[in-house]
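Some structures to go through are shown next.
Below are two complexes that have chain A in common, paired first with chain B and then with chain C.
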Partner chain A sequence: MQQIRRFFTKKTFVFSIVLFILVILVNFAMQYANLGLDKFEKRFMFLLDNNIRGFIPLILLAIAQAIVLINGSIDLSIGNLMGVVAAFLVTQYSKDDSIARFLQVFVMAIGIGVLAGALNGIFVSLVRIPPFITTYATSFVFSGIAMWILPRPGGNMPEIATTFYRTMLPLGLPMGMWIILIIMLLWLVFRNTRFGAHMYAIGGNEKAAFTSGVSVIRHRMSVHMIAGFLAAFAALALVLITGSSDPRIGATMTLDSVVAVVLGGTPMSGGIGGVVGPIFGVLTLGFVRNIVGFANVDTWVQPLVDALIILVALASPSLIRLILKQARK
Partner chain B sequence: MAQNLTSNDIVKHFAGVTALSSGCLTANSGEVVALIGANGSGKSTLCKIITGVVAPDEGQLLLNGTPISFSTPVEAIKSGIAAVYQDLSLIPSLSIAQNIWLTREPMSGIFIKYRTQRKRTQELLDLFADTMRTSLTPDTLVNELPPDEQQIVEILKAVSTNPRIMILDEATSSLDSRQVDRLFTLIGEWKKQDKAIIFISHRMVEVFRIADRITVLRNGKTVGDFDAKKVKEKDLINLMVENAKEHLEKTGTSIFKKLRETVLKVTNLRTQRLQGIDFEVKKGELLGIAGLQGQGQSDILHSIFGSIQFSGTIELDGRDHQFKHTSQSMAKDIALVPGDRAKEGLLMRLSILENLMLPSWRKYGLPLNTGKAKKDAAKTSQSLKIIMADLNMPVSSLSGGNAQKVVIGKWLQRNPRILLLNDPTKGVDVGTKAEFYDLLKDLCKNGTTILFYSSDDEELVGLCDRVLVIRDGMIRKEIPRSKLTLSSLITASVTSSEETAHATD
Partner chain C sequence: MNKSIGFQLPKRFSPPVIAVILAILLFVISTFFLKTDTGLAGMINRGKMIINITAFLGLIAAGQTIVILAGGEGIDLSAGTTVTLAAILTAVVADKSDARLPLALFVALSAGALVGLINGIGVAILKIHPVVMTLSVSGVTMGTILAIYRGAVQGGAGPGFNKFVAMPFTIGNVNFGFTGAVVAWIFVSIVLWFILNKTQFGKHLFAIGVNRDAAHLSGVRVTRTAILAYVLCGVFTAFGGFIVLGYIQTVYFIIGDGYLFPSIAAVVLGGTVLAGGEGSYWGTMSGALVLTVLDSILTSSQVEERARLIVLGVLLLAVISLYGRQKALRQ
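And now, the complex of A and B:
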């Protein structure tokens, strides 16, 4: 019993994987029921590809959020930060831009993301305003900037890039899967650096980390900048799918990113977690919404069902722990 | 290289309170110097100044003759001074290895060499082999360790910096005897390696076992420095308490004691800190709980109040009660006045009225009879002589002493039968203390039973009918009123065995 308990408390992403498998089975069962066997078989890869590619922006945001949360901070501006970068991208690009021009603008976009993250970082770590307040305030700043850049939905994307992103199946596997694979590899590297190790230390006990000589201010500042960096990539992934942007597009994604992280088993208290959980958290969240979409329920019921499933999913780990605790007595 | 650390006349004030007025301490290579003193004599403050955790207000710190001042503990570590602190500085969610090597991880390029880190941690853990659980590995998380093993990790963390001067601040307080033996063997080896060791402990036996020299602090002042072989335990204790005035008049409530029945009986009480406590309290008795800080005294009070988990039996009027929630004990007219008033006792931004009424609103019906509540609150505040502008002012506008009166007042509203006091006079001015003592006496006369834990030994001597001295989670001595003096109390708190405690009676 002790071992099961330790397994669940230590490997926090286990629960999200179980839930994920359940959800993915239901999702494809419903798509299968809707399409019939023939069509489903033919279009399986297409469906998988489309599904996962759609989740990539939120996956990137959730990873950004996970890093910030592990560090003991929070970023409530991440969605709108992404909105700013997305607005910048679609207003700078035109339909027939070259690859070189595409990359040039994107490098600038990364700069904007990192700069915006640094703004959060300065207030959180140097001025020591609670991150919850700071990033809530900057989220409105970013939202304003996005509307200033892109007053109404629209904009352009280079067709070279969008076609590439939408149709490529490297080695026959969906593009989204490759991106997830690359993210996981990079995480493995990051996790084994001193910076990565100190991230957990600060989130675990800020005061003890400081006494041990970790430069907390500089570190937390960097973490917020990394979050901005990742948000820029999220913006790119988003506009590559849609081909245009909406200044308000990021608003709902902030809380989704927090939900995905918690769904993936990373607590909001900091010090533990990783990116595997959040990735599965986003996939679960996305497939749940797919299922609700396929279920042919009234439109007004959708958010309700959606929210209920999320609530149950969020409560389950605590419930399991509670049951295990009772069982031990 | 021979090391010599000297601190001269260090002065440190904390918000108007003088923690150190003349702290002098010398540590030499190949020598163990023990720093001893009663509660609040400034031992920990002196250590924190040496290691750069707090900055001194005045005085000089010399390392090998050169003045030094550290603004962070890291600078001290770089100069070869490492400390093991009382309050643990570990990160619970990280592994033993990660904690020990934090910021000093073995690196290969940008990557941490986890295998090397693990190996080095294992080598350190081997120093304490056979005194810890066998299942312990470098990857075990710190939050899975019991307090003694956490303490050992803390010691190993200091050892891993390979210091030339090592400070052990109460490092043995949570270790068992085998672990202490092992630590002392290691200290012996460090001495041979020409390290200087500053050893702080409340256990006299340990001090005499390990120390070469003993420095005594009293009220923030260094009052003596002795060769450990040439000084007697009794003389040291006298020096620790000398001139301490027993100025509190002894006016007890003892005359009532014989007539009353037992209200509370505690048998084999165990918590994380307590190792089996048995005692009885009679109606109207004022029972003191004494001992050095952090020996588990608060746990006794919290167990009775039902605010922590415990095992053992607590009988109230002869009937077994296991309170799982404070509302149950409150229903039985038990009240607990917490020590940390800002954290546990008051809602700082709410009004005095609301604070006073918080546990008693139930009495005032629906809708609340605020007129009556106001009248009652006014009565309480008058009887407690709370100095305030208005009942509707926030508690944060009150001085420390007055704020503490509100904490007590809010429980007096409920007319408790048993009052549990958890170091209630900390940071309270002398005048308020005197009023507070009168109040306790009155309550006892009216039949209220009081359990009084205090870190101020003088007030226990002045007030209590009986005092239980707690050390390492056990009752080491029960001192009746007739034998209660400041020196008997301190002797029982610091001496390490029953025998010596009796000898110095």
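And now, the complex of A and C:
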């Protein structure tokens, strides 16, 4: 029993994987019931490919949020930050742009993301304002800027890029799978660096990390910049899928990113967690919403169901912990 | 011996005082800048009008003050939808009649208390971060409203209620130029002053705001006090929504959204520390005044929504940079 509990507290993503498997089975069954049994392979591919491709923006945002949370901070502006970059991207292109122009603009977009992250970082680490209020304030600044760049939904993406992203199947495996695989590999390298270790140390105990010579200011700053960097990629994934953008798209995705992290088993107190949990958190959240979509819920009731799922998802890890605590007594 | 003689400037102006001075400065400057009503009489009229409008934000920010004072990164991001919920319930129950108003008030406040209770349980017992908890409860509240009313709400405020909230309040034949909303605001401020400064709950609230462990060790029931703070927050916010409905008479579904961000900004502007345990409602009142003056300037100079968002965000950052900073790790 002791061992099992230690396993669960240490490997924070186990809970989310169990949930994920459950959800994907229901998804599969429902798609069968709705669409029939034929072409098993095609159906399976659709389930993994199209769905996950659509989840990629939120996966990237959730990872950004997870890194910030592990460091003991929080970023409530991450969705709006992504909105700014997305607005920038879709206003810079026309439909027949070349790959060179595409890359050129994207590099600038990453710069904007990192810069916006740095703005959060400055106020959180140097000016020392509590992160939740800093990023809440900047979320308004960012949404204002996004509306400035792109006043109403619309915009263009080069067709070469969108068709590449939407139809590419490297080695016959879904694109989303590849992206997730690459992220996990990068994470494996990243968390074993000095920087990665310090990041966990600060999240675990800021004061102790400071007294052992870790530059808390510099690390927290970098962490917010990394979050901005990842949000820029999330923006790219988003506009490649939709081909356009909406200046108000970011607001709802901030909460989703936090929910996905918590659902993935990473506590909000910092110092513990990784990227595997958040990835499965997003997949679970996405597939649960798919189920709600399949279940033909009334449109007026849908927002309530959606919000209740989020609330239950947030509460369930703590509830399980409370129940375990009671059971031990 | 001579200490009492002579004028002494206080060593450091407290944030509420700064906020009031800022509000007056902004107000005077805007009078010249906008070239609306010059002359003393016009200025006084405009000042009264601004105070009448401030009452709504001031009422709504009362609840926000309580949860922020309670500490633990406490904040209520469901304040906007609680206002909407209270306004809708008041409209439905009162149904344009003044006779059913007491019942409507009771229903609205109970609904606010329920939302606060859910917030409090999530934050204090399940230990979910207040930002995330209240944000998702806000989603559930809005979802419930949409599921029940499906985009159309009947009813509204009765004529007497509307007259009380929107028209100048008179005692006998004397007209002060202030509306019933201001009277309600003054009433709430006295109640809140009493709760915060004269009751045991108030003392416990400040204690858990400063240091939860120390409060726990000195016998304060931390969890219970924190939950009660959220419940009270819900009740006060709902009362704000109730009064707002009296002003606008009929409801729409985003009635409260515009109050959420200003309610937090007002608390911060008034010098209540976000870490909790330090601050006052009178600070929040002056903060609300600053924001309303600022908003009236932005509105009358026809600034667009996007610019307003940026101005509000930058203002909040600037103000907290002045007096909301945390201690350095070095200390």
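As a working rule, the second predicted complex is superposed on the first by the 320 of 329 C-alpha atoms of A that agree within 3 Å, B and C clash if a C-alpha of one lies under 4 Å from a C-alpha of the other, contacts with A are read in each partner's own complex, and residues count from 1 in each chain.
Here, a residue touches a chain if its C-beta (ideal position, glycine included) is under 8 Å from a C-beta of that chain, and two chains touch if they have at least 3 such contacts.
Not measured: the values here are computed from a predicted model.
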Quiz item: Clash or fit: chain B and chain C on chain A?
Solution: clash
Quiz item: In the superposed arrangement, does A:V214 touch chain B (first), chain C (second), both or neither?
Solution: first
Quiz prompt | Partner chain(s) touched by A:L255 [first = chain B, second = chain C, both, neither] | solution = second
Quiz item: Between chain B (first) and chain C (second), which, if any, makes contact with A:V239: first, second, both or neither?
Solution: neither
Quiz item: Now for A:A87: first (chain B), second (chain C), both, or neither, which partner does it touch?
Solution: neither
Exercise. For A:I129, decide between first (touching chain B), second (touching chain C), both and neither.
Key: second
Quiz item: Counting only touches as set out at the top, which of chain B and chain C does A:I78 meet: first, second, both, neither?
Solution: neither
Exercise. In the overlay, answer first, second, both or neither for which of chain B and chain C A:G271 touches.
Key: first
Practice problem: Check the contacts made with chain A and report whether chain B or chain C touches more of its residues. | Solution: C
Quiz item: Of the two partner chains, chain B (first) and chain C (second), which one does A:T193 touch, if any: first, second, both, or neither?
Solution: first
Practice problem: Name the contact category of A:A201: first (chain B only), second (chain C only), both, or neither. | Solution: first
Exercise. Pick out the stretch of chain B that clashes with chain C after the overlay, from 346-354, 382-390, 418-426 or 490-498.
Key: 346-354
Quiz item: Intersection of chain A residues contacting chain B with those contacting chain C?
Solution: 207
Quiz prompt | Parts of chain A lying in touch with chain C, wherever the complex brings them together | solution = 74, 76, 123, 127-130, 132-134, 136-141, 143-145, 147-148, 151, 206-207, 210, 216, 255, 258-259, 262, 268, 298, 300-301, 303-308, 310-311, 314-315, 318-319, 322
Self-check item: chain C residues within the chain A interface of the complex
Solution: 73, 75, 122, 125-129, 131-133, 135-137, 139-140, 142-144, 146-147, 150-151, 261, 264, 268, 274-275, 305-310, 312-314, 316-317, 320-321, 324-330
Exercise. Quick one: which bits of chain A touch chain B in the complex? Just the residue numbers, please.
Key: 10, 189, 192-194, 197-198, 200-201, 203-205, 207-209, 211-214, 271-272
Quiz item: Considering the complex alone, what residue numbers of chain B touch chain A?
Solution: 53, 72-74, 77, 88-94, 98, 102-103, 105, 107, 110-112, 114, 141
